Amino acid sequence: MTNMAESPPQAVSARPPQRRSFRDLVLQTEINFRIFGMLLALAAILFVFHLWSGGTFLRPENMMSLAVQASGIAVISTGMVLVIVSRNIDLSVGSVVGIVAMTYAVLMTDVMPNMLGMAGDFPFRWLIALGLGMGLGLAIGALQGFIIAYIGVPAFVVTLGGLLSIRGVVWYFSRGAAVSGLDPEFQLIGGGAQGSIGGTMTWLVAALTGLAIVGLLYYNRRQRRRYGFPLRPMWAETLIAAIAMLFVLGLAWVANNNFWPRGAAEQYARANNIPIPEGGLLIQTGFPYPVVIVIGVMLVMTWIATRRRFGRYVYAYGGNPEAANLAGINTRWTIMKTFMLIGVLCAVAGAIAASRLNGATLDIGVSYELYVIAAAVVGGTSFAGGIGTIPGAVLGAFVMQAIAYGLSYVGVNSPGQNVVAGIVLIAAVAFDSWNRRRGT
Amino acid sequence: MRRSRLAALVPAFALVVAACQAAPGTPTQAPGTPSGTPAAPGTPTAECTVAVSWNNFQQPRWAAHDQPGIRDTVEAAGGTYIDADANLSNEQQNTDVDTLISRGADVLILLAQDTQAILPAVQRAKQEDIPVIAYDRLIEDSDVLYITFDNVAVGRAEAEAVLEAVPEGNYVLIKGDPGDPNAHTFLPQGWDEAGLKEKVDAGEITILNMSGDNWPQDAGTYTDAWATETAQDNMEAIIDRAVADGNQIDAILAENDSTALGVVAALEAKSYGFPPLSGQDGDPANLNNVALGKQYVDVWKNARELGKAAGAAALALCEGQDMASLTLAEGLVDTSVAPDSLTAQDFVTPAENTVKSFILKPTPITRENLNLVLEGGWVTKEQLCQGVDAAAADAPAACQ
Amino acid sequence: MTVVEQVPSRPAEAATPLVEMQNIRVSFGGVHAVDDVSVDLYVGEVVGLVGGNGAGKTTLIKTLSGAHPADSGEILIDGKPQVIDNPRVAKSLGIETIYQQLALAENLDAPGNLFLGRELSTPWGTLNDSSMEDATRKVMKRVNPRFTGFKKPVVSLSGGQRQAVAIARAIHFNARILIMDEPTAALGPAETAQVREQIKLLKNEGVGIFLISHDIHDVYDIADRISVMLQGRLVGTVNKGDVTTDEVLAMIIMGKLPAEVTRQELEELHG
C-alpha cells in the first residue's frame, strides 16, 4: 500500500501484491517527477550537442566550463524560488550583483589599501571585503523587502526601481571604468585550475555526500517505521541510493579528470620536491569552488525551504496569503526575509562573477534577472505562487546554461541562442501547465 | 491592512533618479591635464552656447575624455557648455535636442544613438539655423559636420598589429553587438583592409569560430551589448572547442576593450596563455593588460583630442564660419592624431550623402609605446603598471 | 427592530456564558457593517447566526476570531474581558475558526495545514514532519476514519475531505469555542450529514459553537438558539424550540420578531 495511490473505501489491511503497472512501480519510489524529467532533459541536451559537435562535446574540461558559467545564476535562482513562491518578483538581482561586484573591486584595489590602511598583506583582507559585500547585499534586500512587505508597494515596481537606480549608482562609484586586480585568495572563488578543491577533497566531498544521502534515506525510513507509516519497498530504497551515489561519484570523476596546466604543475612539483614522471605531473583540479558553492547553497536553501518554519511559511503564504495571515503567521516579516535572503545570494554570485573577471566592469550582472527567473521557471516554479523547488531551479539554471554553452560551442551566434532560450522557456512552462491541467 | 500612502513616493523617487542620470556634466573628475591649450581661431567668442547631446553617457570614455575636451575648449574661449544624456533612447534624444535648443544652443554637437532616428531632431536644429556637428557617430544628412575617429582605420590598426605578429595560423574573431554598425561593418572592413580576408582566402589563416559561410557576417562570434561577461563565456566555449578539436589558437582579434577584457579572463580561467590579442578604446584595465603582456595591441583613440577638435569647430561655426572652409588651428590637435589636412574634407556616407568632415587618426598602443598614454594623461602610471614587476628584464619601458 | 431579546437556553445552568459579545461595532469607512450587536454562547450549545447577504455575520464573528478586531464593544470569555486583536490571541483562548473558504493553504498537505502557524519542532529546530503527520492521523481518525491522503496537497482533496481537515484542526487544538462559517455550503448530502455528526459530538464534549449559515433548515436542525442579523443589526435571538422556520425567515427578511409578524406576511414569504 502506498501513500500516493488513491485507496478504495474498504479494508485498511494489506492487499496481496498484484500485477503492478510500470507507473505504479515508479510511483512507489516517490521520486519527484519534475526533477527527474529535468535530469533526463539535461542529459538529452548534452547528448544532442555531443552529436552536433562531432563527438567532442562531452569532455571533462567542457563540463567544467559549463558548470562554472552556470554557478552565479544557479546561486541566485535558489533565492528567486522563494520570492516567486510567495507571489513576488525581484527584478533588481542583476544590478545588486553589479554593485556588490564593484564594491569588492573598489574595496580591494582602492578603499582598503588607500583609505583604511589595509595593505595587500593584511590578514584575511579578502574575507573582510567579502563580508562587507554580503552585508551590502543584505542591506539592499532588507530595504526593498521592507518597502514591499511593510509599506505595500508591489514588488515589481520596487525591484524595477532598484534595477534602474542601483545600476546608476554603480556608474558613479566607478566612473564607468573597469576596476581590476583582486586579492589572490578572492580570485580563487571564480574557479580555474587553482580555484578548485583538488582531487582528494573532491572524492571526499563525493563520498560524504553519498553517505549523507544514504543516511537521509535510512533516517527517513526509520521515522516512518516508528510512526507506523507506510514504507517504501526495500528495492525502491536501494535503487534510489544506488542512483544517487553513482550520480555524485560520476560528477566527482568528471571533475577529477580535469588537470592543472603543465607549467603550473611543474612549478608546484619543483616547489614541493616531487619528482616529475614521464609525460608530466598530473594534478587533479576536482570541483571548482563555484560548483562547491552552488552545491552548498542548494543544500542550505533546500533545508531552509523544507525543514524550517520560515520556508513553510513562505510556501503557505504563496498557497493562500489569507490562510497564512489567519494562521497567525507574521507574513510581512516572512516576505521581507525572502528579499534579504536573495540579496545575500546576489552578493555570493557577485563574488563569483568578480573573481572570474578578476575585477568588476560597469556591466557585470546585466540581464541576470532574466536568466535567474528563467531558471526558476524552467525548474518548475509557478508565478501563481506556492509551487516551486530549489533543486529544480538549480537544475533549470544548468539546463539553460547547457543550451547557451552548447550553442556557443557548436558556433551558433547570439541571436540564435536567444531564440532557442526563449523557446525553451515557453516550452517548459507550457509543459507545466499542461501537466497541471491533466490533474497529476 | 496595507498602507500604500508612501507608494506614491516611489515613482517620484524614480523620476528624481532618472533626472539625475540624464543630467551629467556636474562634478566630473579630470584625470590629468589636457596637453596643450586650445588656441581659438583668432576672434574672441563671447556668448556662444555649445550644446552636446550624448547618447550613452554611462560608458566610461565620454565623461573621462570627450566631455572635458569639448568643455575646456569651449569655456577657455569664453563660451558656455550645456549637455544632456539620452540613456540609449532615441525618443529621449529627440527630446534632449528640443530641450537644448530651448536652452539657447547656438551650435549642436550630436552623438547620435541612431543615424536615421535622429534626423527629425537634426531638421529642427536646421530650421533654427543651428549648425550640427555629428560627433563620433555618423548622421545621414549632408549638412552636418562629421567629426570622428576613423573606425575603419581603427579596425585596420587592430589587424595590422596582430597580423604582423602572427602572419599565419588559427585566428579567433570576437565582435561586438550584432546591431552596431561598427561591429558588423566598419571594424571588419578595417580588418579586411589590413589583409585578413586575403590571408583567409589564401589558406594562410583559418578562422576557428565561423558560424556560417558568409563573409564577414558569419566570421566570428558576436557579443550582445559588448558585454564583458558574455565575451568571457563565449571565449571559454571557443577555447574548449579548439582544445577538443586539437586546434591551437594563435591570435585573437577582439573589436574593443570590453570584449577583450572578457577574452583575457577566459584565457586565464582556462590557463591557456596569451596569444596576441587586439582591442580599442584604451581602457585603463586593458592598457594594464598590455603592460602585463596579456593584450597585444590596444587601439587608442585620444578622445580628448576629438573633443578639442569638436569644441574648436563648434566655436568657429558659432561665429558664422562656413563649414566647407573650416580649418583647425595648428597644434590644436596633436599631430599624430590630427587628420592629414586641417581643413574640413569631404566624406561620402554609406547612404551616398557627402558631408564635411574631420577624421582623426587612431593610435595603436603596444608594449613599446605605452608612454604615449602616460604622456597624454590618459592613465596614471600606477594604473598602467599595476602588477608589473618593474625590475624584471622584460618589463615594458613605460613601467621601468 | 433593535430590541435585543436574550433568551437563556438552559435555564437549569445559570452558569457564566462561555462567550459574551457586547455592543460590538465594526465600520468600514462610514458603513456600519456591525452596529451595536450583542450575542452570547454557553458551554455545549450551538448558536446559529443567520441573516441574508451583507447582514454582518462574518464580520461579527471575525471580531471573535481575531481576523478583524472590533472598533468598539467588549468580548468576555468565561466572564473575563479579553482583547482579541489577532488570530494568535484568539487561538490561545481556545477559539478555533473554520472559515467559509476554509483558510487552507492549497499547496500544503493535511498535516501542514493542521499545524499551520503552530508547527512542531525537533530538538534541533527543524520541522518535525513525522510527529505532525502522526498527530494528524490520530485526529483524523475521529473526524474521517477513511481519510488517507496525508501527503497530498489539500487542493487535490474533495470538498468534504478539506472540510474534515479544517475541523480536525479545530479539534486537535482543543477548541472550547468553535466558529463555523457556512460549513456545509459546498458539501453534498452525505458529507453534510457527516459534518452534523461532528457538531453533535463536539457539543457533547462541551464545546460551544457559533454556526453561521444562510440555510435556515440546516441551522434549524443543529442549533439550540438562533441569532438573526439584518444590515449590521441584531434582529433578535430566539430559542429554536419557540419558533417555526417561517418565523425565523420573517426575522431574516423583514426584520420582524415573531410577535410582530402577521400570518398573512408569513404566507407571503413563500409567494
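The letters A, B and C name the chains in turn, as written, and every chain counts its residues from 1.
Keep in mind that, in the parts below, a contact is a pair of C-beta atoms (placed from the backbone, for glycine too) under 8 Å apart; a residue touches a chain by one contact, two chains touch by 3 or more.
Since we're looking at a predicted model, the values are computed, not measured.
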With centres defined as the mean of Cα atoms, the chain at greatest distance from chain A is chain C
One chain pair leads in contact pairs, namely A-B
Go ahead and note the Å separation of the Cα centroids belonging to chain A and chain B. 38
How far is the middle of chain A from the middle of chain C, if each middle is the mean of its Cα atoms, in Å? 46
I'd like to verify one number: the distance from the centre of chain B to the centre of chain C, where each centre is the average of its C-alpha atoms, in whole angstrom. 73
Can you list the chain B residues in contact with two or more other chains? none
Could you check chain C for residues that touch two or more other chains and list them? none
Of all residues in chain A, which are in touch with two or more distinct other chains? none
What does chain A use to touch chain C in their complex? 3-4, 6-7, 9, 223-224, 226-227, 229, 303, 306-309, 312, 315-320, 322-329, 386-387, 439
Which bits of chain B are touching chain A when the two form their complex? 2-4, 6-7, 10, 13-14, 17-18, 20-21, 29, 58-61, 63-64, 178, 209-211, 218, 221-225, 227-230, 232-234, 236-238, 240-241, 243-245, 258, 261-262, 265, 268-271, 283-285, 288, 386-387
Seen from chain C, its contact residues with chain A in the complex are 65, 67, 86-88, 91, 97, 99, 101-108, 112-113, 116-119, 121, 125-127, 130-131, 133-134, 146, 148-152, 156
Can you check the complex and tell me which residues of chain A touch chain B? 53, 56-57, 59, 61-62, 65, 68-69, 147, 151-153, 157-158, 161, 164-165, 168, 171, 175-181, 190-193, 260-261, 263-264, 353, 356-359, 361-366, 404-405, 408-409, 411-415, 418
